[in-house]
Structures are given as C-alpha cells and as structure tokens.
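There are two complexes below, and they share subunit A, which is joined by subunit B in the first and by subunit C in the second.
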Partner chain A sequence: MMRVLGYLAKRLVFVIPQLLGIVLVSFLLVKSIPGDPAVLMLGPTATPDAVASLRESLGLEQPLYIQFFIYVKNILHGDLGTSWQTTRPVLEDLVQRFPATLELVTLSLLLAVVVGVTLGVFAAKQPNGWVARLADLYGLSAGALPDFWFALVLIFVFYTLLGWAPAPLGRIDMIVIPPEPITGAYTIDALLAGDLDAFGSALAHLVLPVLALGLLNAGPILKMTQATVEKMLDSDFSRYEVLCGVPHNLVVRHALRNALPSIVTIISVLYGYLIGGAVLVEIVFSWGGAGQYAVQGVLNSDIYPVLGFVLFSAIFSLMVYIVVDLIYVLLDPRISN
Partner chain B sequence: MSQLAVTSEQGLESRPRTAAAPLVDIKDLRVDFSGADEPKQVLKGVSLSVLPGEIIGLVGESGAGKTTLARSILGVPPAPGRIRTGEVVFDGRNILALPELELRKLRGRRLSVVVPNPRAELNPTMTIGRQIGAMARIHLGVSRAEAARLALAMLRDVQIPDPERRMNAYPHELSGGMAQRVVIAMALICNPAFIISDDATSGLDVTVQAQILSLLSRLATGHRSSLLFITRDIGITAHFCDRVAVLYAGEIMELAPRESLFLKPAHPYTLTLLAAFSHSPKLRDTWSVPQTGRRQIQVGGCSYANRCPLAQPTCSERRPPFAEIGPGHFARCHFPVSPE
Partner chain C sequence: MLAIVSLCARIAVIRPRFAVGYLIVAIVAILAILAPLIAPYSPTEADSTNFLQSPGGSHLFGTDNVGMDIFSRAIYAPRIDLTIAILGTVLSALLGGSIGALVGYYSSGRGIRVWVSFAVMRAADVLQAFPVFVFAIALVASLGQSIQTVVLAIAFVNAPIYLRLMRSQVLSLRSMRYVEASTVNGLSDFQTITRHVIPNAMAPVLAQLSINVGWGILLTAALSFIGAGVRAPTPEWGSMIAMGFQNVVTGQWWPSMFPGAMLAITVFGFSLVGASIEVLADPAKRRQLLNDARQRPAGRAAAASKRQSLEQV
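Right after this comes the complex of A and B.
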C-alpha cells in the first residue's frame, strides 16, 4: 500500500510540468491560427479604431510570452478566460459540457470493451472458426466506417424509419427538466435525484450515440485482444498448461489474464482520444459536449474555449494514465519493483 | 564407464523387471513436421515399452526428436508436428485415439510431464501455490483449501526451502532450480502412473542438476510411477535408469538394460556418445565423427550412415533392422560393435 502511495506521489509531482508543457504547446499552436479575434468579435462593420482598442484591451498587442504568462497566471487563479461566443467564463462552460462528453464517451467505451474483448477472446480461442472470420470482418468494417456516417445511418433507421429512438436533439427530451447538476452526467444526476423520468429520457438519448461510438471503437480493442490472447495461447506457459491437462476454457482464461495489460493500454489510449474524437458524433446528435465547444472555438478564433478544452482533456488523460499505471502494478506481479 | 554404474544407489536387481505387462506401450509412433514443401519426418516409427515402476532413459542429441516424442506421447506434438501413425497404449487403450476430452483428463493426472526451462513454462501472473494446487483442483476435484494443503505438502516433498512463503511467490521470484522443483511438484501432485522428464535439468548448474535428479528418481520410485527420463547427457542415465534407449534422427538406435548398454555398447552412435562424455582422449579420438567428408544420407539406408565411422556401402542402401543382439539388448545396425 505504501508502495502504491509513494508511486502515486511521484507521479503527481510530474503532472504539473507535463500540464505546463501541454498548455505552452497548445497556446502557441492556437495563437498561430490566422484570423483576428477582434475583427470576428466586432463584425464586418467595425471601424479600425474600435478594432484597435479591442485588441488593446484583449492584450493582443503584448508580446506572445507576456500573453502566455498572463494566461498561466489566470489559470492559477481559476480563470480560464471568457468565451466571446457564449460570453460566459470558459470554466463554467466546460464544467457544464465536459461531463456530457465524459458520460457519452465512458458509456461508449464500456460497450466497446464488452464487444471487443468478448469477440476478441472467442476469435483467439478458435483461430480458424467462424467467430474469427466474423472478427476479421468486424475489425475491417469498424476501421473503415466513419463514425458520423454510422451515426446518421443509426438515426435514419431507429429514429426516422422505426421511430424507436428519440430525436437526435441533445441529451434529454425538451419537455423533461434536466436533473440538478451534481456530477454533470444526466443519468447519474437523475438517479441521485430519484427522477426516473429524467433518467429514462437521458438513457434513451444515449443509446444511439453510444452505439455509434461504441461499436466502431470496439474494432481496435477487438484486434488487440485477439492478437495478444493468440500470442499468449501460443506461449510456453499455455502449452505447458495443455500438457498438464488444464481444460481449454481455463487455458484461454489464463491467456486473457496475461493479455490484460495490453488490452488496458489500448483502452486507455482510446479513452483519451475519444474525449476530442467524439466531436463529429456529438455534432450529429447536437450533444452540446466539450468537443463540440472546442471546435466552435477553433472555427471562430475563440481561443480560450480551445485552450480550456485542451487543459481539461490533458488533466483527464493524465489521470487515466496514472490509473492505468496503477492497474498494471495490480495486473502484473513482475512490475512490483 | 563402469564407475558410473557403481555410483548408483540401487542395483539393477532391486527393481522387478519381469515379464509384467507394459504400463505404456508406444508402437510405431511417426510424427511429421509439415513444412512449406515436403513434410519432414521427425519421428520415424518409435516403439518403446515402459514397464510399471521402471525408469527408462532416453538419450539423444539436439534435434533427435526427444521433445517431439515426449509431447506426442501425450497427444500434443509441438507445432507444426502431426502424428501420422502409431499408438500409445496405456491402461489397455490407445490414448491417441481417445476423444480430446478424455485424453485431456489423462494428461497431468495419469501421465505427466516435467518440462525444461520451467520459469518460462509457468504462468507469470499466478502464484506457484495456486499453479500446483490447480493440478489437484482440475484432476482430483478437491476444494481450494484442500488443493492448497496438497500443494504445500508437495512443495515440502520437493524440498523447497521455506515452503509456506513460497506458496505465494510468483515464478519470476524463483531461481531456476526452485522453478524446476515446482514443475516436478505439479507433475507429481496427482500421483501419476507415468512421468516423462523432458530434459528437465538442462538449464541448471551441475550441483543443482544432481539434486533435482536424485529428487526426481526418488519421488518417482516413492510414488511407484514409471519414469521416462529424456536427456542429452548419456552419463546421467548411467546413474539411475533401468534401461536406456538411444534416439538418433527420430529412430531408436539402441535399447538395452543399463549395464548391458554401458558395458557392451553395440551401436557406433552410442559409442560416439559415450566417447564424447569420456575422459579418455584415446577413446574420444577413435570414436568421433569426422567433421569433413560426411556422406549424403541415402533414402532407405541407415540414418546414421553419413556420420558413422564404421559405415559400409550396405549401410546407405538398406535400413538396418532393430535386432536383439543380447538379452533385452537391441540395436539398429548392420554391423554392431561386438563386445571386446
């Protein structure tokens, strides 16, 4: 236990410089996007004088390193800047939108893990069986289909044709009052408030986007599971288990157990990727998530939402990686030292 | 060679080697490795009977087919091997013809194997106590607690120091010698009738090797199990094997009771093996394979003909029969070396 805590402390010390580096790089990148925010904010009819004075008050006339310094100082005071599009503090916007994305992405990933690992194990179990062939086909299609297109197909079939799914217009029905935000995830908040109507509505709205993201992102997990479990089944210890008369199912289970570190790795990479990568699906379903917010920022030279999003995603990814490292220690007794 | 025989703990007489029915009867076992073009014959019809309680040594160089034989007896030839013909009769049944499920229940239960390089063969994410206990849980159907108790007793039997603590150790925390003892514990926990030791001591240093060997033979005798002891070192077999078989290129070249083999070796290959382990330079010079001028192997001839110091034209034309040249002493050679 002490070992884990010491390890955690060591890792957390490194989080600060990592975040600083990420903010610096993204700051420089965002600043290099052409376009004058002052012009965009004031519109085409603005006088040059007005633009100049706005630039002055936004601090855009300062050298870049001073701008960066001010931005970092503000972050330390909990101020991530203000979005001129929503005219609200970026922190407020993100606190509202990030959980929406997180809820969607987490559930999608859970579905992807269930589908990917199950199919992967069965495919590895019988490399020439029909499941293996299905898995090959699945991996190919999941890699080839764009997620937004797949989302549109799902909407067409399950909303337009069958009418089973609710309209792809946000996270909850218009007539249902969203639950009091506690975690920001509607399903959890609705359950906490005991509001089953809101829970049902939020869940219904999650089904199609989760299917779209989950089924497609199961592809890489499936491939990784299949490849690693096959490798483990081909390894000395699995063959020895066969020689010892260990039942086939148990041999496969032990192989999966030894393949878990690789599978956890791909899951963690996907998790970090999906926070921003889910944006097209968010747009299709008018999800109002963080990815959508950041893209709007990029398109309109609204830099603070973009930087705030990068910061939030970075913190989230670093947390995921720390958790994953702890999982490695639990999974593989050889890492303990 | 005779001094090797003298160091043995038990004389040959102490073991019953009467006309009892064989425990395991390997009949004409042929295994191919399917390659890109033509399959390579790795075992060319191996026949060997193992009597109950007998320790039988099988000597051969690398590539002779030792591991293939060990694993094929259990019905799982190493990839890309395929059993072409042959029977392994055990308990009156040809186990190679059994359905996979029944064969699986025999493996590890009645017929078990001790593998070399066991640190790679053990499951890296499972404690050794659980791995040994798993054998008992799977094959004897005992409870988890009972399996742990049996595993601990087995760890004591194989003389692992501090067994209570080792129960919770992972394979990477063990030395090679300890891992070898763990694998022996796994092979013996279900009290099998037949144990195959596949070059089990090859990776260990000599002192540990000697400890493991005496442990293995003592436990096999104690459990009244038969032991097929496969090794590259013909000297080892002199210590405790009742009979010794010499495998070369997938064929048994000579099979004899220990004393007969070491005192009156008949096959030229056996002599080169003995000479290689001998301290006598004269013996080594007389019985060594010339590095140059090896003849091409002729299809249908003796597979040793191309390396044999005594080869005659006949040798590369006709396959020699496996002939009995003395009581219980067989050799596959047209011109067996006569004693003296």
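Right after this comes the complex of A and C.
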C-alpha cells in the first residue's frame, strides 16, 4: 500500500509541469486572438468604463509574463473568466454542463468496450475466420464514418421513419421535470430521487447518441484487443496450457487477462479523446453539454468558455491517465513488486 | 512493365480491399477534376422555385432547401475537401517529420541538444493533451475563419503524430552501420540525415499520410458542419450536411445523406490505401504478399478458365 502511495506521489509530481504547459498554451491562444480581450470578454454591449476597469484587473497594461502570472493566479482561485453570452462565471457554467457530457461519454465508452472487446476476442480466436474479417471491415468503416452524419442517419431511421426514439432535442422530454441535480447525470439523479418517469425519459434520450458514439469508437478497442490477445495466444504460456489440455475457452480467458494492460491503455486514451470528440454529436442532439458550450463560445467569439473547456478536458485526461497508472499496478503484479 | 501490371492485378485479386481503396480514391479524384464537365448545374447557383425536390428526374440527388443541385455540389466538394486535407497533412508531415528527425538524431548525444529534444517531446505531450477538435476550432477562432486556417489547424493537430513516428524511426536507424559509415566518411549531420536517415524512415510515414488525409477530410467537414470551416455557398460536404440537418428530421433525407455518404466512402478509400501502403512498405509483409500473389491466384485463375472451357464444351 505504501508503495502504491509513493508511486502515486511520484506520478503527481510529473503532472504539475504538464498542467503548467497546458495553461501556458491556452494563455497563448487567448493572446493570439486579435482585438482587445477585455472587449471580447464583456461582449459587444460593454461600456467603455467597464472595459477600462476590466483591463485594469486583467493587468493588460503590464508586461506579458506578469499577465501570465495573473492568469495563473485567477485559475488557482477558480476564476476562469466570464461568458458574455450567459453573463455567468465560466466555472459555474461548466460545472453545470460537464456532467451531461461525462454521462454521455461514459456510457458510449462502455458500449464501445463491450462491442470492441467481444468482437476482438472472437476475432483473435480464429485469425483467419469470418469474425476476424468482419472485425477488420468494422474497424475500417467505423473509422471512416463521420460521427455527426452517422448520428443524423440514426435520427432519420429511428425518429423520423420508425418513431421509436424521442425527438433529438436535449437530454429529457420537455414535459418531464428534470430531477434535482446531485451528480448532474440525469439517469443517476432520477434513480436517487426515485423518479422512474424521469429516468425512463433520460435513458430514452441517451440511446441514439450513445449508439452513435459507442459504435463508431469501438474500432480502436477492437483492433487493440484483437492484436494483443492474438499475440498472447501465440506465446509460450498459452501453448503450454494447450499442451496440458486446458479447455480452449480457459486458455482464451487467460490470454485476455494478460492482454488487459494494453486494452486499458487504449480505453483511457479514448476516454480523454471523447470528452472533446463528443462535441459534434452533442450539437446534433442539442445535448447542452460542455462541448456544445465551448463551440457556441468559439462561434460567437466568447473565448473564455472555450478556454475553460479546454482546461477542463485536459485536466480530465490527465486524471484518467493517473487512474490508469494505478490500474496497471493492480493488473500487472510485475509493476507493484 | 507488363509483369508489373500483371503482378498488380494478382495482388488486386488476393487483396480485393486494396484494389477497392485505390479505385475509390481514383474515382473521387477524377470526379473532382472533371466536375465542371460532369456537373449538370452550377454548384453555387440556387433555383429558388425548385427547392427540396426529391432525388430522380432532372436532379439526380435532388435539390436542397434553397434549390441548389445536390449532385453538382457533391462532386464539386472534393475539390475543396481534398485540397485542404492534402495540404494540411503534407504540411503536418513536413513540420512534425523534420522536427522528429532532428530530435531522434540528437537525443542520444550530449549537452544542450539532449535537453532541447527532451523539451520538444514534452511540448508534444502537452499539445496532445488538448482535445483535438476543440483545439482545432480554438485555432480557427483565434486565427480567423478561412481555408488557410483550416489547413493550418489540420497541420498543427497532426504534427505530433509525425514527430513521434519520425523520432522512433530515426532512433532505431541512428545506430545502423551505414549511418555511422556516412559520418565517418565526412558527411555533415545535415547530409547524413537527408541522404541516409530520412529515406529509410519514410515507409511508415507514407502509410500514415494516406490515413491522415482521410482524417483531414473528416476534420474539415466537421469544422464546416459547425460553421467554423468553409462557408455555405462553397460546395463542401460538411456544410452541405449542416444545411440539410433540419430537413432530415422532418423527412427530407437527401440534402444530408448523399454528401455524407460520399464523405464516408472517400475517407474509407483513403484508409484502405493507407492499409495497403503499410503492407507494401513493410519488407516482411510485402514478401508474404508477393509470394501469395505469385502462387495462389494463378492457380485459381487457371482452374476457373479450365472450368469455363469445360462448360463451353
């Protein structure tokens, strides 16, 4: 246990320079925007007085490195700036919207893992069988389909033609009252409140976006599972098991167990990617998540929401990587020893 | 010459998917080049009396909500999409690849160069920690919306991939005897890198290039879909899908479905070409493929022609 804690501490030390780098790049992005950041921050309706006082508090008259210190100081105090569109602090907006994105992305990732690992294992069992060919084709075509278009196809088939899915307008039916926010994820909050109507509605709204994201992002997991399990089945310990007469299914299970570290790696990379990668699907379904908020910001030159989102998702990716490093310790006894 | 053609034909028979990939890319390229000759209508002129006409008749793919011919627009679109994607990808390979070659070549030395290459790699880490798509739109937002900016965004987002790829290639090549020999023979570092290291490290880079052109098309379309890329009257797949978005929900599927399908097929084609380059560039895999091509299909074709002649009798 102490060893794991020590490992974690060492890992956290490496996070600090990375975080600083992320903050620096986002700062440079703001600086490279033409025009007065104070005007950008206050929006087109700002009075000259308000602009002048904001310039003062942002330290825009100071040299660049002092501006950077002020920027870092503000972030450390939880001040990510204000969105002139919502006229609210960006941090508040993001805290409200991030769970929506997280709920969508987490469920999509679960679907991708189930599809990818299952197909991958079956494909690895017979490298030249029909499942392997199907998996190959699936991987190639899933990578080629634009997710926003695939989502649109799903809407056309399941909403417009068949009428099975609810209208692609948000996370819950208009007439259903959203549950009291506790975690921010509607399905969990509805269950905690014991509101089955709200739960059903939230779940129904999740189906199509989760299908779109989950099915299209299963490709990398599938490829990684297939490749590593195949390699494990081809290695000495598997051959030995086969020679000893261990049942085939058990041999495959042991191969999968040994392939887990690389599969976990690809899943973690995908998790970080999806936080930003879900943006387009969010827009198609009017999801109201953090990604959509950021895109609105970009399109209306409301830059602070964009920076806030970039920071949030970069930090989220870093956190996922740390958790994954801990999972390695659990999965691979060679590391913890 | 004839031998090469027949070998290609045999490879196409045993790996039909490779042939499909090259075919798709060729067709899209031809459509883009000949678009002014093929397109029945102007890609940007609207016929407002004829909006949302369903496919068939005088409009093969129908018309969109302002009355522009979807078929004409869909075959003009690769001109923009392919140009942006290819320029962006080539730029990212040049940028990432050259830095990667230098970093790989100098990272095992001593002194300041090691520190610089360490710093470059950490900078790449930081760049890759950003969400790709949001980073791209933030770039477009801060540099101003134009075709050049989309090209730059693609180049910037993909450069770390080539940086890593080239670096790992060069790292393994660096200790090769022929590289040492060229240094011993008095070539400067620059000459050694450009004449002996880079040519031998190119194979995986080429495979990645083709795959990345596909991604570049996807990114261009995605940026245009949200309105941060190519603007509306210019024919571009992503903005066409966006224009038809509301119509799909109410049942007029054609304004979005045709451009989306063409987009998906094109990206699919580029992925297949990338997969084929990956095989052809790897000496071991290439040998196996060529052996297969020389033996099996010949037998199969002979058997087929034998069967045919028997049937004729």
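The rule is short, and it goes like this: the second predicted complex is superposed on the first by the 297 of 337 C-alpha atoms of A that agree within 3 Å, B and C clash if a C-alpha of one lies under 4 Å from a C-alpha of the other, contacts with A are read in each partner's own complex, and residues count from 1 in each chain.
Here is the rule we go by: contacts are C-beta pairs under 8 Å (C-beta built on N, C-alpha and C of every residue); 3 or more make two chains touch, one makes a residue touch a chain.
Predicted model, so just to flag it, every value in this text is computed and none were measured.
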Inset, instruction - Answer with clash or fit: subunit B and subunit C placed together on subunit A by superposition. - result: fit
Inset, instruction - Using the superposition on chain A described above, determine whether A:Ile266 touches subunit B (first), subunit C (second), both, or neither. - result: neither
Legend entry - Touching partner for A:Ala294 - first (subunit B), second (subunit C), both, neither: second
Legend entry - Which partner, subunit B or subunit C, touches more subunit A residues: C
Inset, instruction - Classify the contacts of A:Asp332 with the two partner chains as first (subunit B alone), second (subunit C alone), both, or neither. - result: first
Inset, instruction - Determine, under the contact definition given at the top, whether A:Glu241 touches first (subunit B), second (subunit C), both, or neither. - result: first
Inset, instruction - Identify the partner contact of A:Leu107: answer first if only subunit B is touched, second if only subunit C is, both if each is, neither if none is. - result: neither
Inset, instruction - Look at A:Leu250 in the shared chain and tell me whether it touches subunit B only, subunit C only, both, or neither; answer first, second, both or neither. - result: first
Inset, instruction - Between subunit B and subunit C, report the minimum C-alpha distance in the superposition, expressed in whole angstrom. - result: 6
Inset, instruction - Could you give the residue numbers on subunit A that contact subunit B in one complex and subunit C in the other? - result: none
Inset, instruction - Would you mind writing out the residues of subunit A in touch with subunit B in their complex? - result: 236-237, 239-248, 250, 254, 257-258, 331-334
Inset, instruction - Sort out for me which residues of subunit B touch subunit A in the complex. - result: 71, 74, 76, 78, 104-109, 112-113, 115, 117, 120-126, 134-135, 138-139, 170, 172, 186
Legend entry - Interfacial residue positions of subunit C with respect to subunit A in the complex: 122-123, 125-127, 129-135, 137-144, 214, 218, 221-222, 225-228, 238, 241, 245, 248-251, 253, 256-257, 260, 263-265, 267-268, 271-272, 275
Inset, instruction - Please give the residue numbers of subunit A that touch subunit C in the complex, ascending. - result: 17-18, 21-22, 24-25, 29-30, 32-34, 140-141, 143-146, 148-149, 152-153, 155-156, 159-160, 167-168, 272-273, 275-277, 279-280, 283-284, 291, 294-295, 298-299, 301, 303, 306-307, 309-310, 313-314, 317-318
